[in-house]
Amino acid sequence: MKQLRVGLIGYGFMGRTHSNAFRKVNNFFDVPFQPVLQTICARNEDRAKAFAAKWGYASAETDWRKVVESPDIDLIDIASPNDTHAEIAIAAAKAGKMVMCEKPLGRNGAESEAIVDAVEKAGVANMVWYNYRRVPAVTLAKQLIDEGRLGRIFHYRAKFLQDWTISTELPQGGEGLWRLDVNVAGSGVTGDLLAHCIDTAMWLNGGIDEVSAMTETFIKERMHTLTGEVTPVGIDDASLFLARFNNGSLATFEATRYARGHKALYTLEINGENASIMWDLHDLHRLQYFDYRDEGKLRGWKSIHITDREHPYMANWWVPGLQIGYEHTFIHQVADFLTAVGGGNTPSPTFRDGLATDDVTDAVLQSAASRSWTKVKTR
Amino acid sequence: MKQLRVGLIGYGFMGRTHSNAFRKVNNFFDVPFQPVLQTICARNEDRAKAFAAKWGYASAETDWRKVVESPDIDLIDIASPNDTHAEIAIAAAKAGKMVMCEKPLGRNGAESEAIVDAVEKAGVANMVWYNYRRVPAVTLAKQLIDEGRLGRIFHYRAKFLQDWTISTELPQGGEGLWRLDVNVAGSGVTGDLLAHCIDTAMWLNGGIDEVSAMTETFIKERMHTLTGEVTPVGIDDASLFLARFNNGSLATFEATRYARGHKALYTLEINGENASIMWDLHDLHRLQYFDYRDEGKLRGWKSIHITDREHPYMANWWVPGLQIGYEHTFIHQVADFLTAVGGGNTPSPTFRDGLATDDVTDAVLQSAASRSWTKVKTR
Amino acid sequence: MKQLRVGLIGYGFMGRTHSNAFRKVNNFFDVPFQPVLQTICARNEDRAKAFAAKWGYASAETDWRKVVESPDIDLIDIASPNDTHAEIAIAAAKAGKMVMCEKPLGRNGAESEAIVDAVEKAGVANMVWYNYRRVPAVTLAKQLIDEGRLGRIFHYRAKFLQDWTISTELPQGGEGLWRLDVNVAGSGVTGDLLAHCIDTAMWLNGGIDEVSAMTETFIKERMHTLTGEVTPVGIDDASLFLARFNNGSLATFEATRYARGHKALYTLEINGENASIMWDLHDLHRLQYFDYRDEGKLRGWKSIHITDREHPYMANWWVPGLQIGYEHTFIHQVADFLTAVGGGNTPSPTFRDGLATDDVTDAVLQSAASRSWTKVKTR
Amino acid sequence: MKQLRVGLIGYGFMGRTHSNAFRKVNNFFDVPFQPVLQTICARNEDRAKAFAAKWGYASAETDWRKVVESPDIDLIDIASPNDTHAEIAIAAAKAGKMVMCEKPLGRNGAESEAIVDAVEKAGVANMVWYNYRRVPAVTLAKQLIDEGRLGRIFHYRAKFLQDWTISTELPQGGEGLWRLDVNVAGSGVTGDLLAHCIDTAMWLNGGIDEVSAMTETFIKERMHTLTGEVTPVGIDDASLFLARFNNGSLATFEATRYARGHKALYTLEINGENASIMWDLHDLHRLQYFDYRDEGKLRGWKSIHITDREHPYMANWWVPGLQIGYEHTFIHQVADFLTAVGGGNTPSPTFRDGLATDDVTDAVLQSAASRSWTKVKTR
């Protein structure tokens, strides 16, 4: 089997999920490539080496430019903080490498547009890690919608609720906390959590036409780890918006890190004329489905335990009844990427799909700032 | 409309549910009788009078024999402790009254048999208050089974879990606690809770052939309210049994008052070749249904919110989505009783049905005592 | 006990829930009045008489003015369509009667203001039937919030989802369908469903400062029953809004009759610094509670089965584990009304509370029309 | 790090779960060994080679004796059908290898006893793969019980429900179906499914004293794949039993492959004086916990989402809210095995623990055959 040598930039939470995916994919999926964990790159040499040892990377590096330019690398995988995405991705594209990038693609649409231009000009394979499309339940939802089972869509609603930043003691920035630093992250929950909701929503229900949003920063000042000083918090702690999709359906979206009791509760629901679908990340192995065409007295919400061979991706795992978890979405994404690239197809979500999501988050932030309905940029 | 004058014996928990049923039935159901709350009978005169005032009974009485013999009474409704059922019911039958009786019918099969003989000889309408048959979700389960949707039945399981007698401080006997006094109650959870499970089970799945049971009294001695002395507890605190139904299906049954966290968790499940059904009393307005004939990738347990007009009894209540509660099962039972009697039909469960359940509880207690598989008496 | 003679205007769905409440309250609650079902009033004489017979009203009437002016009536209860509320309520107040009125109080703030002026000028007891405050689980939520258990509030979200008007075949207006006729109803789901969400929200979380809303009428034309002609639909089928409460918390609200699979799914959630609460109408006998102060490894959402004696109103019903239903909220409301009036206190929600909700729904409709953030009127 | 060279016998479902565990453990856990996938052994050479390629085994072998005797192997891992366990395990012990073995250990207590004797005589590390102990929720249950939170235990109930053999078309025996062949499997659901329930139960609640059981073979004859002939089915399709634990608590156990709608629904519940616990495999990342010592009005079942750092094993995975799945239980088991062995401790469950479970399943089968209460063998 053909090898595909991976250079991973970033060793945090996402560095782990990606490494695991590259390392496991061939055990479970028949794909035309064998990913090779070639190089891990991180600014801190000790950590890079420790990570390489833990995961079996052949080498560790501290300068991402060397990785991008190395002839030993086929694919650059970007799992470093958001403020590094554009520079690395553009350089990788110019070097002719395939590029995978964590979401959000850029810190805003302008950054993302530059990235998209670079990969499209270079003609290199690219994919943004909106992994929730590959939760089998969500993929099944997509199938059901594509099969026309829902009929005309009236409503979409999504939320992503967390509660990990409620404490005023939490600093902003620094190791593991760059998501609280607006300069690094670009925004708060809008780019971190809503971006996931928006990507899935547009995949399932098409483009978004306009939004009316509000954001809030509940804790106004936090100590910044790098300076030790208490400074204003620049990110949005919560972001809510109303939207109208191009297909005429109405939507509410909400993300927050101040919803006590919810750790990573990404929920989505879509209501059609004939059927409706619900899903949530805290029980990601289930899909709720209601079909009005069922016999009257037996209508109800069905909880489908997504562990059967008929379910997307599941024939590759265990036996019916035995659930998989979060990390598997990344494995599915790698499998689909490799299959597409091997077959000469375009793996999705592409960077251009990632840009489309950034256009919506830009509109959300702009609407919140201007307190007015805002059109999503069309390209 | 024809009036039907009720003489109620007993003013406790069940006295209230019955009174409420007689008082409300005409507001919601078109039935051929108007029940009239004629006489409430209780040993304590003050309580009888207070109850009469609260519920609108025309008179209060302390001697049940007078009620039974009164020409102003058409129906004797027995809601007094178990040790009084046989004497009152037999007298009522002899007096030519219709008779309704709380469950269990007698404290054992022998008592129940005498009662059945009396009503059948007198030819009077009779009904035992196994009210859970009239939970709309349970009635729907019966319909689905009768329609043959489940196919061959393999398994039945039921349990009734409570936790209200765990404290050693609780006395046995006395006001509101006669269920702990074996002389009054006849048995513990076997007659109180398992009897419900068994009545529903035989209604849904046919007769029971044989059982293997175990019982336990966890707290061996309690103060007896009437004597003030600490004496051995005679009732069973927990009762579990395996069973084989006449149709070849296998079953587990369990009842206890020592299952911390469960207040009145009556659950039942039936597994057929093609479909399965689950229900529980803590969410009595829902029925869980699984149909294997559904499309493969969409198979799952459907939670049917039993509040639609197509659902049993529900067209008589509110609008879809709005649930009813526990007390409504008694109203349904009265409605069905009045309709049957008015139409010259036999309302069920009859006393004979109640006897059949007592035959099973007798077998359960006998099996537990003898530590052996025990055949249920066939009549 | 003192009698309180009720004159009910309207015999529809709400006429039934109110009649049931007046008829049952004394069986379960010790209150200082005995409501008497004196007169039912409806435009159609036959229906009024049939209703009187079914519920035991002493008389039936077709002219509400006669009822309002009758010396035999102490309390006018308005359960007729929204366009009749103001005229009847004002007349009743002028006649010195106590007045209860279905929600929304008026078709808009202006109508409601006139009603409020009338009752306050007359000094008569008044109450608007926002019955969901009296779901025991919701009342418990109020207690928990009042006890300060949640800490600073960050988020509130509520929705009321139905699916009964999706068919294009459904006419607007006429018997049982006046909620689809904008002239009668005043608005669509905004006044019908969102009003419930808003009343509860302000009760639990205080006043609302401003909103950004969107509404939609999915089916633009329907046959009008009264004329037989297909005419434009004037009501909103769906209404969604973002809000900021006076306490700084953020909110999403949504109501629709186009959410396939939901019959009357009113859900609410409130997230505080220390604890969060969730509730939904499809399982109204449960409250979900999360407390961050629980021991770390044992934190979780607790499903509280609201059937214990410690729970609001529940000591008056059955025994732990046995649920009540929708209709009981009206009984609780009558009980509280009678207790307050008997004790010389003001029963809530008052008409002034009802006006406050109408001010919010006015702002919602105005925001949707103007596509801009709109301040809620302060009085 | 020290290498530990694994020789795996068997390449089926369990061969995959074990290989995955050995391959991933070092990526997530700091353990004193690095497992090396040295040799896979299977009777069919092509399949052995294909499996080796898929999982990265250094070599493939068809004769397990060669693997057992190979100096390149430190640990023999037995994942082949039940009828091979004893012979391989005993040989491995004699060869001085560490031995891990799939459950049940032997086809009956006699076989298991011989295996235990062999490993104890050889003094080699040994472990039986009762993987469900390492579901983090189940491990947490064990902690809570060990901390004494439940108080005196009254009840235990467990069931393992499947529905995959209902079709009469399914053959017995052959590739992937040896679990239906009594000669290979030893028994049906008793050894396959109940064994899991029993192992967990005894771990959580101590030894079982006696049982009363019933078994059933619903489909009496099936085509045997190896002979092509229709022959009697020797396995039990369903197995139910009542039990009394040594601590006096009462139990029901049930396993079946005829419970339509359940794919692998292993559920357990334990009720103590003060607290109760529930868990099920279909939502393995949750634990239900009820504590009576909670404040009265706030008592309820808490659904704990077992994804926090405080939860067993979870600090090694992702971030709060993100669930793991079935396969992780095997990784945890390998991690614990390696840690114990590295630290000179005994990893559990040992083969002796596996024997204890086989003693119970023997008693169950004997009780079902003799239709009598049967004592579990004590050793």
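List of remarks:
Order as written gives the chain letters A, B, C and D; numbering starts at 1 within each chain.
Simple rule for what comes next: a contact is a pair of C-beta atoms (placed from the backbone, for glycine too) under 8 Å apart; a residue touches a chain by one contact, two chains touch by 3 or more.
Please read these numbers as outputs of a predicted model, since none were measured by experiment.
For the interfaces A-D and C-D, the C-beta contact count is higher for A-D.
Chain centres were defined as the mean of their Cα atoms; on that basis the chain farthest from chain C turns out to be D. With centres defined as mean CA coordinates, chain D is found 55 Å away from chain C.
With centres defined as mean CA coordinates, chain D is found 36 Å away from chain A. Of all residues in chain D, those that touch two or more other chains are 262, 301, 305, 308. Residue ranges on chain A touching chain D, taken from their complex, read 13, 16-17, 19-20, 23-24, 26-27, 54-55, 162, 164, 262-265, 281-285, 305, 307-308, 317-328.
Partner chain C is touched in their complex by these residues of chain D: 140, 143, 287, 289, 291, 294, 296-305, 308, 310-311. On the side of chain A, the complex with chain C involves touching residues 154-155, 157, 159, 161, 163, 166, 212-214, 216, 218, 238, 240-242, 244, 250, 252, 254, 256, 258-262, 271-276, 290, 292, 301, 371-373.
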